[in-house]
Structures are given as C-alpha cells and as structure tokens.
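Below are the structure tokens for one structure; questions will follow.
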Amino acid sequence: MHRLHAEKMITVITSDVLENRLIQAVKKRGATGYTIFRAHGAGTSGEQSGMLDVDTNIVFQVVVPLSKVGALLDALEELGRKGHHLRVMVADVGVLWPEKFE
Amino acid sequence: MLSNLLIPAVLFFALGFLARVIKSDLRFPADLAKALSIYLLMAIGLHGGYELGKADLLTAMNSVMWALLLGFGMPLIGYTILVLSKKVDAMNAAAISAHYGSVSAGTFLTAVAYLDSLQIEYDSYPVIMLAVMESPAIVVGLLLAAWSRRRLAAQQGVSAAGTANGDDRGGSGQLTHILRDAFTNGSVVLLIGAMVIGAVAAPQSMVKIKPFIEEIFMGVLCLFLLEMGMEAARRIGEFRRVGAVLIVFGVAMPLLGGLIGVLVGHWVLGFGVGGTLLVAVLAASASYIAVPPAMRLAVPEANASLYLTLSLGITFPFNVVFGIPLYHALTNWVVGL
Amino acid sequence: MLSNLLIPAVLFFALGFLARVIKSDLRFPADLAKALSIYLLMAIGLHGGYELGKADLLTAMNSVMWALLLGFGMPLIGYTILVLSKKVDAMNAAAISAHYGSVSAGTFLTAVAYLDSLQIEYDSYPVIMLAVMESPAIVVGLLLAAWSRRRLAAQQGVSAAGTANGDDRGGSGQLTHILRDAFTNGSVVLLIGAMVIGAVAAPQSMVKIKPFIEEIFMGVLCLFLLEMGMEAARRIGEFRRVGAVLIVFGVAMPLLGGLIGVLVGHWVLGFGVGGTLLVAVLAASASYIAVPPAMRLAVPEANASLYLTLSLGITFPFNVVFGIPLYHALTNWVVGL
Amino acid sequence: MLSNLLIPAVLFFALGFLARVIKSDLRFPADLAKALSIYLLMAIGLHGGYELGKADLLTAMNSVMWALLLGFGMPLIGYTILVLSKKVDAMNAAAISAHYGSVSAGTFLTAVAYLDSLQIEYDSYPVIMLAVMESPAIVVGLLLAAWSRRRLAAQQGVSAAGTANGDDRGGSGQLTHILRDAFTNGSVVLLIGAMVIGAVAAPQSMVKIKPFIEEIFMGVLCLFLLEMGMEAARRIGEFRRVGAVLIVFGVAMPLLGGLIGVLVGHWVLGFGVGGTLLVAVLAASASYIAVPPAMRLAVPEANASLYLTLSLGITFPFNVVFGIPLYHALTNWVVGL
Amino acid sequence: MHRLHAEKMITVITSDVLENRLIQAVKKRGATGYTIFRAHGAGTSGEQSGMLDVDTNIVFQVVVPLSKVGALLDALEELGRKGHHLRVMVADVGVLWPEKFE
Amino acid sequence: MHRLHAEKMITVITSDVLENRLIQAVKKRGATGYTIFRAHGAGTSGEQSGMLDVDTNIVFQVVVPLSKVGALLDALEELGRKGHHLRVMVADVGVLWPEKFE
C-alpha cells in the first residue's frame, strides 16, 4: 500500500462532560480535526447507561502524525492526574492523503 | 401516602423501577430521556414566567432571596454533616452536598401532580425558586471543593493552583470561572430563558403555545418518570459501593431539607399548604440533571458513583414515594399550629 | 377499501412505502421510531386500562381467556402449515409462526382509526386482548423451538441441552427462563404496566394525562406508520430471499387468522361489528416489535431475514391496506347471518 | 420590530443564539432537531393540504406557477450577482444561489406566528408555494453547477462528463438524475405527501389528527427555533471564513427577495397583507434543510462552509429578527399605494 | 512510546439483542469494562436499518491484555456456533495506564 | 492467535450525505458488508455539529481481505478527486471466521 502513510490514531473513552476539554486539548496540540461519537459502557467507575448527560460516554478519536503523539499523550495524562476517568488507546493506521492530517 | 401512589406520575416511576428489578429488557432510546427533560424545563419555565408576569413583585423577590439562601445553605449543612461523619473525604463531601442544595425538577413536578390530584391550590412563586435554585448550589459546591483542595494540598505541602481546572485556568480567574460555569449551565439557561420568555411574550402569542406546555405536560412527565424509575433502580443496585452511613444521609438530608422548607414556606414566605409543600420539596430534593455534570467536570477527584447513587438511587425515589406525602403531613401540622 | 385508503394513518403508511420505492432520501432519525412506539404502547395501555376500570369483569376474563387461546393456538397452526410445506426447517417454522400468534399494535391501531373514520363503535375488551396476546406466542415459539432442537439433536445423536440458551442456562430451568423472558419483554411490561396504571389511577389525576394519550395520538400513529411504511418497503425488497411459498403463507396466515378472529369475536365473545373486527385484526396480524428480538436471542438458528420479511414486508402491509376492509366485510357478513 | 421580538418563536431563537454566545453547555440530543423538523414538515403539509381542499383552483394554480418562477428565478439572480462580484468561483456561486431559490420553513413559520400575534389574517396559498419552492431551486443549482463545470473543463481542455456525479452517471441521463434527486428529496416528499394526504383524507378522519398538527405546533416550533438559534450562532462564528462581500450578499439577497415577493404577492397574486408578507418571506428566505445536502452530494467542488454560513448564520437570523417586520412594513406601504 | 503498553482490542459487531449476553461473557472473563455504541449496516444476513430494536447493530469493544484474549474468543466462538451472527475483529493497541485494563 | 486471520479494516469519515455512495462503492468491490455509525467532529471544512443532516458525519467501516483493499482505495480516491471530503484510514485486524469477509 505505497499510497498509505503511517499515522497514529488516538482513541479516548471518557465522560461526555469532558468533550470540550478534549477538543481544546487536541486543537492546542495541532491536530487537524477530531471525531466524536456517543457510547455507553461500564468500567471501574460503574455503568454509564447513556441516559443522562452525566451518564454518557464519548469515544473521541484523533489521527495525528507520530510527531504529535507525545504532546497529546502528555495532555491526556495531565487530565488523568487531575482525577478524570479516561481510557486512552493508540493504534497504527495508514491514511490516504496524509497532508490532511499534518 | 396511598393517594400519592394513585397518581400516574408516581405509578410510572414505580413501573420503571419494577421493570429494572424484574430485569425486563424495556429500554428507552438514549436521546429520549434527554429530549423529555428539555421539554419539561421549557414548559416549567414558560409556565412559571407567565404566572410571574401576574405576580406580586415583593413576594417574588422575597421568594428569590430565600431560594438563594436555601441553595447556598443546604450544601453547607450537607458538607458539615458529611465531613463530621468521616465516611467520605472532603472532595466527595463537597460534590455530594452540592446536589442537595440544588433541586430535582422531576420531584417538584411529581409534587405538583400530587397537589393537582388532591385538588390543592398552590402559589406560583415556588416555580421561580426552582429556577433560581439550580445555580447557587453549584457555586457553593465548587467553592467548597476549591477550598478543600487547597487545604489538602497545604497538608501535603504542594500548591493546588489549577489542580482541577485545567490548562487554561489560573488561580486568579477561578471564581469568575466557577460563577460563569454555574450560570451558563444548560438547564439553568433553558429554565431561566423560558421563564423570561413566558414573562415578556405578548399574551395573545402565548395562547398559541399553551396547549404544548399544558395539555401534554403530565403525559411527558409520566414518560420521563418511567425512564427515571429505571435509572433509579439501576443506581440503587450500586448502594453497596456507597455504604450504610451514606444511605442514611441520603434519607436524612431530604427529611431535614423538607423540615426547613416547610418552615421557610409557611412561616417566612407565608404560603398556603400547596406552596409550602412545594418549597419543602425544593429544599428536600437533590439534583440529578444540572449538578452532576458540573461536579464531574470541575471536581474530578470526587467519585461520581457516590453522588449519583445518592441523588438518583436513594433520595429521588425516597422523595417521590415517601417524602411528598410526609412533607404534606408536616405542612398540614405546621399550618394548623 | 376505498374508504380505508382515505384514512391519514393508511395514507401515511403508503407515503412511507412510496418514499422508499422512489428511492427518496427521506429518513427518520434512528431513535424516533423507537420513541414513537414507546408512546403508542403507553397510550394504548393507559386508555385500555382506563376503559377496563369501567368494564364488565366476566366479559373481560372471557376475553383474556380467548386471547390466550388465540396466542397459543395461532403459532401451532402456523408451525404445522410451515412444517408440512417443507419449505423451511423446524427452527425457522417455530420462529416464524411465533410472530403470527402475537399481534401488531400498528395494525390494530390502524383498524381503530378505520372504525373511527366510519364512526363505528367498538368494545374496549380487544385492547386487553392486545396486551395479553404479546407473550403467549413467544412462549409457544420458544417451546416449539426447544422441542424441534431436541428432535433434530436426537436425529443427529447429540444432546441439545443448552444448545441455544447459553452458558448460564441448563436444561432444568429452561422453561422458567422461557416464561420469564416472555413476560419481562419490554413491550409487554410497558403495555400491561400502563394498563394497570390506567385502571388503578385516581380518575381526577387521569384527567390531566388524557390530552397526551388522546389528542396527539392519531398524529403520532401517522408518523409511526410513515416510518413503518419505509421499513415495510425495505423488507419487501428482500422477498426474493423468501420464496413464493412463504409469501403465500404471509398472506394466507392473516386471512385464516382474520376468519378465526371474526368467529371468536362475534360468536364466542358476542362483540358488535367494531369489536369483532378488532379481534379479527388481533388474530390476523403478526408481531414486528416484541417477537423478533425474542426469537433472534433464543432461536439463533432461525433466519431473521425470513421472519422479518414475512411479518413486516408481507403481512403488515397486506393487513393495513387489504386486510382491514376485508375482515370488515367478513364481519358484516357473519354478523348479518 | 418590537412586537416581533415579543413572539415566543423569535424569543426562543434568540435564547438559543444567546446560549451559544455565552458558551452555555446547553445542547440538544442530535436526533431531536431532526425529529422536530420532520414533525414541522408533516404538520405544515397536512394543514396546507387541508386548506387547499377548500381553495380556489385557479388561484392555487396561479400561485404554484409563480412559486416555480420564484424558485427558478431567484437562483439565477443570485448566481449572476455572485459571479459578477468575483468573490467566489462559479461552482460556489451555483451552490450558494440554489439556497436562495428555495425556502426556509422555520422562517416561514416564524412569519406565520408573527401574523398570528398581530391577529392579521393570511391566505392559505403561500403554504402550497412553500411546498412547491423546495425543488426548483435544487434543479437550477445543479444545472448551473453542471454548466459551470463544463465551462471550467472546456477552459482547461478536459471533458467534464461525469466529473461530479460518480461512477454510475453518464452525461446522457444526467438531467433525469438531477430532476429525480430534486423531487425525491426527503423534505419535498414529506411536505408534498402530507399535503396530498391533507387534501384527500376524509374530513371526519382529519378531525382526529388536528390536535397533533395544531395544538402543539407552536411549541414544537419554539423548540426547533431554540435549536436553530444555537446552530445560527455556531455558524455566524465562522463568518470570517466568508468575508465581507458575501456577508453583504447574505443580507442584500433576502432584501431583494422580499421586495420581489411583496410585488408578486400583492400585485400579481392579489393577496392581502398577510398573504403578501408570506410570499415575501418565501422569496427572501434561504433553505438550510433540503438544499445543503443536495449541494454537498452533487456539487462537491463547492465549499459547504460558505453556503451553510450564509444561509444559516447570516440570512436566517436576519430574516427572523429584522426581515419579517421589514417586509411587513414594505407590504403595508405597497398595499396602501 | 515507552509509556504505552500493548493490549488487544476485541471488536464485536452484532445485533442489539445480544448486548446482555456479550456483557455477561466479558465480565465472566475478567475484562475491566466494555464500550458499546449503536450502528447500522449490512452483511450476509441482510440490511440492519437501525430503526427497530431487532434491526439495530451494536459495536461492542473490549480492551484486554493478551492473556485474556483466548478465553474471550472461545466465548465468542461458542455464541457463533449456536447460530448467532457475530463479526469479531482483534487489533493491537497501545494503552496508557495499563493497570486499568488488567 | 492461530485462529485469527489477517484482514484490513478501512474506515472512512465523511458527511452523512455520502452514505449511499459509499455503500454502492463497497458493494461493487465485493465487500460482504459494512458498518456505519453517526458522529460529529471538526476538520479542515469546519465543525460538523451533527444537528442537521448536512452537518452530520458518518464513520463507515468495512473489513476486507488485503486483495480487495486496492480497488476500494481507488474508489475512495476517485470520490476525493471529485471534491468530496473524506478521511480514509486503514488498519490491520485479525478476524474470526475469515470466510465471512471474503
């Protein structure tokens, strides 16, 4: 797949109320965009049924070049240190039109 | 209490609760409950604002002032009790007690349905109090949290500046931020906005909107309480995480609030039985719409599971099923004194 | 039939159907149809329960008994026909026939709108029958499936114990599980719960909820049928997967059901034209809300595409457009005998 | 203008706008706005169709013809202005101007609420015009885009055949495709379908559906405008991407349309003040429901951000707040001539 | 990314009616949580439009350490053997705070 | 994981209005199915709030064997060339029952 360019996809699963914080965080670190969808689930902090705003999870995804991953993870670790519940996963993806993600 | 249990709103709450208990696969689409709660806030606001347009300004301002006092005072009482109980740390105490200074529109509306079914009249002022009481408790909660955070940090010898309020918020502008967040809270904006619209809109144009906010209101409330019954049952299932002392708090706090509310409603504000009961419910109920997201965002150190279980799983069902008729009996007694 | 086609509910169904046929990009948000169906179940239940509070207990119990008989009997008839036809295996026969013992609230309500538009009165008992008929067919379907599964396994010389009911379910408790699942089904709980609430709630508190369940009812039904018309057209497009014999079944089964329903409604239960037509529709219609998920979960060996296409793509549109006026004509003829 | 600002519909729009401006976290569930807009289209259609059943055929056909003329003409005017302004390329000019040939149901309904609040009567023909005007502008927009695309390609010496209409669409069938897409557009199908149903349905069956389309209508409109206020504020924030010249266009175009609409409404169609104002609003308003998806799909070369900001962020709020009373004043003046 | 710890993300696409079964299955095999969102789509068993409960797909995701993958796949295979329609995909992810997923 | 078979998951993030185009495109290239869910987000073409149809993103996912990836990417590049805004990401997944994806 010579036309695919290697990038990293960072996925954050957390509460809906953190949406704006995450948007600010990735904008500040130079991501070209982000994608969000709502989810329900359960984890160490109990069930998130998705029925009330406070009870809804978001899956927040951002694709960035490797060079920007470190700063983003720093920001996410900082949120975690303050007590917010976040799950953070990083995966390898190959993207078409890498210039869109720079 | 029997007559309470013959009101559709309460019965639907019970039905939702039961559905979860028997593990039914009954389920609402995720956005329905959110949409119903937007409708309810809009309708209460419009209705309240419309009534207020016709109200006595002095009594209204007096009610607002006492609503503020209740909103600021209840969390302080709750915080003190919780800290003294030593069962939760200061951050959790701050977050939990904030919920009790605010109000539950669902409980308030169930009380209105209860009064309607008994054909008891009620003043319109408690609706303004409802709108006013959403925010102060958030402010107090955040201040208590900030204060506890600083104390904890001092104990541990580190600076708490900005610990929980993120990159963008230094210590200086923090109070402004807290106030801003509390007053731009979605439910507050919708409720107060609708109230203003109800008060200023031309009366002949309000006629057209009335069927929407009046005729289908009770039915929407029933649907909403059906869903909340399911949520309450889901939450009550987590009571083991909470522990006996906190459960006692979840029942004692509304009882205390109800008592204070009755005194304020009847003796201070001079309301009749209906209005007094509504003030009692305002003081007794705990928020599960506006306050939890605010706490989750700004007091991340607190355990969301604790305050949600208390507010939604303990205090809410207690108020809907037992509290309202109890506060009613209390009101009758105080009014009869 | 012409007068049938002048009812908004039927016309909106046709509009939805047409929208898919002409490949319009008209689309409902995913949760809207689910929300509408929750509203409809709640409103039917409350309405039915309220009427029942005033009904004759003996006739009510007689109706319930015959509803159970229809609910248990229709799937057995369907299963026999399907197995004899040799077009589907036993598991598919069980899953498909379960749908025909249950009912389609959408079809029932369209029949009510049809009667309203012709200003024909109808008894309130069929609404209880509607509520009662959701579950028995699920039970029969699951029993038929369990039985077929055991037979198949015996033929192949293996044990079927627990084949489809998962880790947690041994052979012993299986009947209990089947019954439990059938009666805790979400639509069943909502419908019967609302009916009980309608029957026990204080009359003066029901007054407040009436506009919600009466005034906007027909409009919500129209919206719901609009969406269901789109779904029916989507499903009918898959009829090739189903084959001619099954399509004949999807039309013959409601005709048979309609006939049985007319006989039961008029001769056994002694209803007038309106009530008899409604019983015919109950027997003739096939479920597409409550039964399919139950079958998908507990009879995974069956092909969901088959039963959904039959119930939603063939029988539902047939009943709404042709069946109702046909059963009406039949009723008139039987009543006139 | 003051009386305009006392209408709940306008006030809710302002509230939504304000909520975004003060960065409130007020938020609608994603599907709610879509559901509300489905309801509004259905209700307008039914209402319009019902009125039409009683209308004068000749006037109706005359209105339809002028609606088509406006729908085809306004985009041509807009396209010419935009191309002459040299601020956007031909593809963007085509996509933007298509929006102004179509209509905004939200603006139309606000104008109806405005007339209601002033107790001014209005003709029922503009509702048909509303339904008719959704599609022609899409057709013109797509034709202008196809033509511009061919011209651009000719300049660059390549063939434009099929450039934007995908694998499956050769040059030959393209016009058919454009027409088909324009007339199977979801909102068009729903609006015209509901109108036909309203016109042909048996009157006694319409009685049952009336409360749904009349009583809760204004309330639903208010909720919808609350959400649209938030969207408008979100879009207006992107005005920097748009540039001053385009902003002027977003205000001048409705003014021009309003003028043309007043002339057509009063002089050509002979409507009274109410009907004339509604025609002015039809001509002045820009689509944000039906046209944008059509353009995004078939004119991908255009910048969606431009046309959405103009239609939703500039023209829509302008019309709702300033346009309607302005066109009213203009109408009064022209009628008084 | 020394701070990222390798785990596996198992994604199951199936009908909404299986939600509880899947939750039970992953809880039993020691996953710390799960995330679910609704989807529509099409596959060998036809189109799932998302309009009726029976017609709605869920995407069910669970992140687990490699050591738990085998047991989970066994459970999923067992469901498939009974006739349920499942699509199962496993991908490599690097997670922050791996202790949250143990 | 000997029972997992290597395939590719192609994820496309784009506007809701392209849903049918994408479905046609993957059907034509022999995919056995696809999964879609709605999302909101932001990118170079601004914010997609998810409130209006035109303002809503979809995440479109299709799992295919490596042999079919090329043709699919061609189709997506063709859409991009016409001016549509697409984000395309390809990731490695291991699937159970690979015959379902052939």
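A few remarks follow.
Order of writing sets the chain letters: A, B, C, D, E and F. Residues in each chain are counted from 1.
Definition applied: contacts are C-beta pairs under 8 Å (C-beta built on N, C-alpha and C of every residue); 3 or more make two chains touch, one makes a residue touch a chain.
Small disclaimer: the values here were computed from a predicted structure and weren't measured.
Least step count on the touch graph, subunit C to subunit E: 1. Two chain pairs, B-D and A-B, are compared here, and B-D has more C-beta pairs in contact (counted per touch definition above).
With respect to subunit E, maximal separation of chain centres occurs for D (centres as means of Cα atoms). Judged by shared residue numbers over all numbers used at their interface, subunit B and subunit C contact each other through mostly different positions, with under half in common.
Chain centre most remote from that of subunit A: C (centre = mean of CA atoms).
A separation of 33 Å divides the Cα centre of subunit D from that of subunit F. The mean-CA centres of subunit A and subunit C are about 44 angstrom from one another, to the nearest whole unit.
Once the centre of each chain is set as its mean CA position, subunit E and subunit F turn out to be 19 Å apart. Across the assembly, subunit B contributes 25, 27-28, 30-31, 34-35, 186, 211, 215-216, 293 as residues in contact with two or more other chains. Counting partner chains per residue, subunit E has residues 37-38, 40, 53, 91-92 touching two or more of them. On subunit A, the positions that touch subunit F within their shared complex are 1, 3-4, 7, 9, 23, 32-37, 63, 91-97, 100-101.
Residue ranges of subunit E in contact with subunit C, taken from their complex: 15-18, 21, 24-25, 28, 38, 40, 45-47, 49-56, 75, 78-79, 82-85. Interface residues of subunit C, counted against subunit E in their complex, comprise 28, 30, 33-34, 163-164, 166-168, 227, 230-231, 234, 238, 241, 288-289, 292-293, 296-297, 300-305, 308. Only residues 11, 13, 37-44, 57, 59, 69-70, 73, 76-77, 80, 86-92 of subunit E touch subunit F when the two sit together in their complex. Subunit C makes touch with subunit B in their complex at residues 30-31, 34-35, 38-39, 42, 46, 184-187, 189-190, 193-194, 196-197, 200-202, 204-206, 208-209, 211-213, 215-216, 293.
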